[in-house]
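The same subunit A turns up in both complexes below, where it pairs with subunit B and then with subunit C.
And now, the complex of A and B:
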């Protein structure tokens, strides 16, 4: 039994890219099938006028329809008449994708450095407020119109990145210099972030013209502009420019990992801290630096949430940062994979809305469906990460040649 | 087949060497405890064993000799049920067997003692021996401790082991731990014992003790197969030696009828010069000196106590000692991985006590670490990425924060070629290489740094003879070029033949500093066990002053 588990763990840990894609696809299909059965059976317990009569029970929900809405509804029903590319549903999908790329990258950077940053949410909350406040106050001294757009948006994003970065550096420094576990500190800092921002809001930044807890709106010219002609116009709260920026950032992070000294040191620290120290990496500084970068990315996520979606900071920040953890795990912490995973999450979000409009399926059931898919797709990847830890630690390796003492001991303790 | 005499220095090459006992072996098959017949084991891209025959007579010690990557461990893993052979038969006591797991092999009376012991440190010797095989009483409700004790004492008496069954494993010496492993196999009823590099962790005295144990075991009818790449061990302890090279058996010889040179040639496939040539060289300025360096380990225990040492340009200072006497911590303090609690370290005229590891690397300090899999290599990285470890910010491989990967790749491929890393595949992950080949790559990377000081800990541990010779030559070449070398090794041959001066470390202090030729191996062994040389009872000698 244990031998079996070991060999499975090892095979997962060594799976090639193609293997992993096939595994992910198979997991997706399995999740869809199980979810379909679940939806169908649940239909028997709901009441409805029309449904499938079978064996004395009425099955209210049609799984095919549910999945149709989930996947195609998220794109605005491309198979139906009158479809345009720049529809509202797709805008919602891509808006979500854009924001999750930022928070997913934030988590991925920390994970790759061997740090479990659960604090992206807090960094995003703090970064978002910093963006909104900076832009609102700077708008008073910056000319409006085109110049305002060009000055205020980069300024706002920079403010978000700085605030998020500082807020990420705190648990990094606590980890490096006080040996405080970053999982605990980042979770606590998430709560503190909510408290700080709420206090600041009521103390200084509350919009006097609104009863809701939110800042004053940024001027319209300081919101992320939509691309003329092709762009998703009007009140869709999405801009292709933002998506393009997110994708560029994604590629930039991938490049940072692969090509730079900093990225090399970061990856080495994440995989094997002992080797990083041997190779001259200052472990403490690397911890602070990678947490700062991670926090800055979370802060940028907050900045775009403010400047693209609401045009202001509102107290009730959605759980983009927590979803970023799922996105990153699903992506195997690969920056490019984050893009794909974020898109999948975007589809779920927007498709969930479509299901709600088109069917009687309750949102809770939709949550279960998408949860199942994420669970199934993420699990092999999760076990792979676990397995890799196990395999690396025990230095078991298949004998490429005879194993002097590197490969000789794999499975050697199988009988112990 | 059997030729009359040994020697084989006549240039006919190893294949013409003596084949002993083959007539005997063929004649009396029933006397074979183990017969591996035509074993072939393939792994993706490599044939680890190619039609290997191994005939082990009952009641003998049989050495399996070969370089790293020759296929010794693979062959034994086939015998122990860890691998299934692609071709060939495994015959135990004249009966053909197919093992699916080590459990089957144990049931067939085969026991394996791994190089790294599989013991639970906080448990007692008796508990470790019985673990997984406990006799029970009260219908399986409780472990029958009395019976365990009785059986272990019986075994100890029979084989003359002096082992206290009630001692905790972490409290006993490595030599005793090895005996516990042997007892564990005997307790499970093993008739054939496979020992994987059994001497790698032992002091010379403990090695002698092991030889006695092996003799006692074979006298009592047990059969021993031991894996080694050390010639002395094979010739000293074995009744027959089977040599493997590149996965092929190159014959079985009688150790009494051959000599070391012939064996080495057979193993490597070419002539080998066994003694490293270390004519003294003009030494230059002092490159490294430590004064009163005291280091605590992770638990806060003082493990290095006031060490003074000096290494000059063009000289090799050897530090001998049993592992765990503070060498590791001293070296980590010198190389910047650990901060000394007291004392100063000077390097090329600068006080570097507070320097970062990176700064030390940048200033020409090369370091072959003790733990290659934890420190020396990033195991999931390929050799290209590992080739730049430590130089990732140096001007040679990086500019403007970017790494010059094509340059790094060329460098890695150069190391692979020069240091004969096999298989020569720069794109393969470090973890897929055998220990010896990993070591060769690290040595190559560090030597090619253009260093002014080389700190080498166990530079040839686990490395085969051919590559050991090459690493020693390179080390001496660096020394001739005026590089200072600090060498830590538990291999006495190595440290005696390479060092210009030799310090023996015991419990955090230097017991003795001498010219390597001035002491015998026995004296060294005694000093490694803590016995101070006569007349130097007080104070510890300073290798800086002893010249």
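And now, the complex of A and C:
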């Protein structure tokens, strides 16, 4: 019974890989096109000295220039002179890629279990604070230097994973035992996380030497070390070691899905909760377990944000967790796909800065593009219809963007 | 399936108790609210506007079988565009005989309906996953409002506009206890009260309301009866755009006067609170109105405590409504969703 189920699931997955890849690419291209039109049109409402005169209006923004800055600015303008591989822009892109792999994996794990964890952001915020506080306090008793590095970094990451895991387990338990819709609870928990952490900060953990809301800095030897010689050293806030860890974790999660019974049960719960229950999976425990794992991954993202980027927790946490949703959706919730999607959104983040400095277009454009990409990935039927009109393909089985029936939040009903 | 029906019946019976508890809780809270200063009560009504109207809109969409989680986005775009319209037409003036504030209201609702239409097309024509598409609507709005604001105002926050003024109904405003609250207030509060009654009437007393319910519970039967399920769902989603638009624009023009676009924007999850509100109210529009008083009351209570200078951790107290949402969801988690909610319906299927 189980073998048969597994082979069906495997075949479904393989058949839809190409389908999903095409849909993700099509969604990306469509979002970029619509974003370009938006940029061009909104240029008519902006004020500028030079612009494209057309039909009595002045269009201030050139979408081509905007996208040139977005995509190539994020790499440090490789087509212009004096380019080196280890430039600051690329370092920022890869730094974001690293962090987005964590948050993307966090969302993907929950998605594959049929749960929509919108709460990665909150889990990352809570995990990051736990990391910073743990490392700052532990540094007082741990010897400095190499030993400090070897002890404090794993300790900090563990603290982040634990705190994030607990914060993820809460909506998991609420879903499992009280049927509380995880989409709403996690969104609320994101807002609550901000309240809790800033209260804790002002109550106990505020850096007394700083007017800004932030914790005391972790010692320099507790920051993620950079690789000597290869590059990206100094003040670039990026470490290839961290990226390597993220990629390793990505492969680990892929392995977990493909090769372990836990991963199998998790995926089956996402695709066919009824079949999973029939096969002996404890649905409630699986819900809590997958949300805990998801939260822990978000917490690890927070840990690396603290230990790699700022060396401390600061109150103004970037929207890495929300972007993780986009990463996972675009990746079709595949762990390996998360790597590629994280790189794309890393480009968006870093390129957003380039847009801000090189053009007058508001950097919020990146947020709109993110939303558009999610929207188009959510409507694969749109592209299939387009496809059917212009090319004849024998349509593969429909690929769900969420790997499960997330819409029916009173789970049992749909399969009772 | 008889098995399924009996399961349903058993669950419905189970649900009635927590629901009664929830209703009791809200009633008790309203009583407590009664004892609070008049300024708290007024601000409760004003803060209830976006929650109540968005919740009533959400009821129509979800009852018809389309879960519109994007109402947060609808609140954002309607509040933002209403304020922009007033600012561009001229603060305090009138255009073509209509005060600019009402132009703002009109355009705000229109923009919200356009976004709802986009969402409806995506869900009903292209069979998108409703939750993900709703999230996308939220995220697009979350980017679009500050994007446009930076172009128009050079800042993620808009300029200030002069807000709606109180409209006093003669005689009625003299009624003891409720008169000053319900009949000497701002236009958006009247809209909310009227909207709740209209929503209730439309949903439970008209043919259209019955179609909406059937479209969510048993689309096949509705289809067999010769009613176009797709059209009913379009109408319901657009209606959710109208209600959310009234809520967002009314909130922006009557309570805020400016739109702050940083972070989660000034809407700050009120659309999601609205969803919890209608679940708490078990899809009853009047219940949603009362439920919105719970969340808005917490909001104004927190503002009142802060103004009174109590040394409370403000950041944590600010999240009181959001914590309450979670508590509410735990109690009403077993609210039964319409049977076909979240599913695409294809006429002539199987």
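Throughout what follows, the second predicted complex is superposed on the first by the 295 of 416 C-alpha atoms of A that agree within 3 Å, B and C clash if a C-alpha of one lies under 4 Å from a C-alpha of the other, contacts with A are read in each partner's own complex, and residues count from 1 in each chain.
Heads up, the rule we're going with is that a residue touches a chain if its C-beta (ideal position, glycine included) is under 8 Å from a C-beta of that chain, and two chains touch if they have at least 3 such contacts.
None of these values were measured; they are calculated from a predicted model.
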{"item": "Subunit B versus subunit C as contact partner of A:367, first or second or both or neither", "value": "second"}
{"item": "In the superposition, subunit B vs subunit C on subunit A residues touched", "value": "C"}
{"item": "Partner chain(s) touched by A:375 [first = subunit B, second = subunit C, both, neither]", "value": "second"}
{"item": "First, second, both or neither for A:208, with subunit B first and subunit C second", "value": "neither"}
{"item": "Which of subunit B and subunit C A:268 touches, first, second, both or neither", "value": "first"}
{"item": "On subunit A, the residue positions that both subunit B and subunit C contact, one per complex", "value": "400-402, 405-410, 413, 416"}
{"item": "In the complex with subunit A, residue positions of subunit C that touch it", "value": "3-4, 7, 67, 69, 122, 125-133, 135-144, 146-148, 150-152, 156, 264, 268-269, 272, 275-276, 279, 313, 315-319, 322-323, 325-326, 329-331, 333-334, 336-337, 339, 341-343"}
{"item": "Subunit A residues within the subunit B interface of the complex", "value": "3, 259-262, 264-265, 268, 271-272, 274-282, 388, 392, 395, 397-416"}
{"item": "Interfacial residue positions of subunit B with respect to subunit A in the complex", "value": "43, 45-46, 48, 68-74, 77, 82, 101-103, 106, 112, 114-116, 118, 131-132, 196-197, 247, 337, 356-358, 360-362, 367, 369, 371, 373-381, 385, 388-390, 392-393, 398, 401-403, 405, 422-423, 428, 431-438, 462-463"}
{"item": "Subunit A residues within the subunit C interface of the complex", "value": "42, 45-46, 116, 118, 174, 178-181, 183-185, 187-189, 191-192, 194-196, 198-199, 202-203, 322, 325-326, 329, 362, 364-372, 374-375, 377-379, 381-382, 385, 400-402, 405-410, 413, 416"}
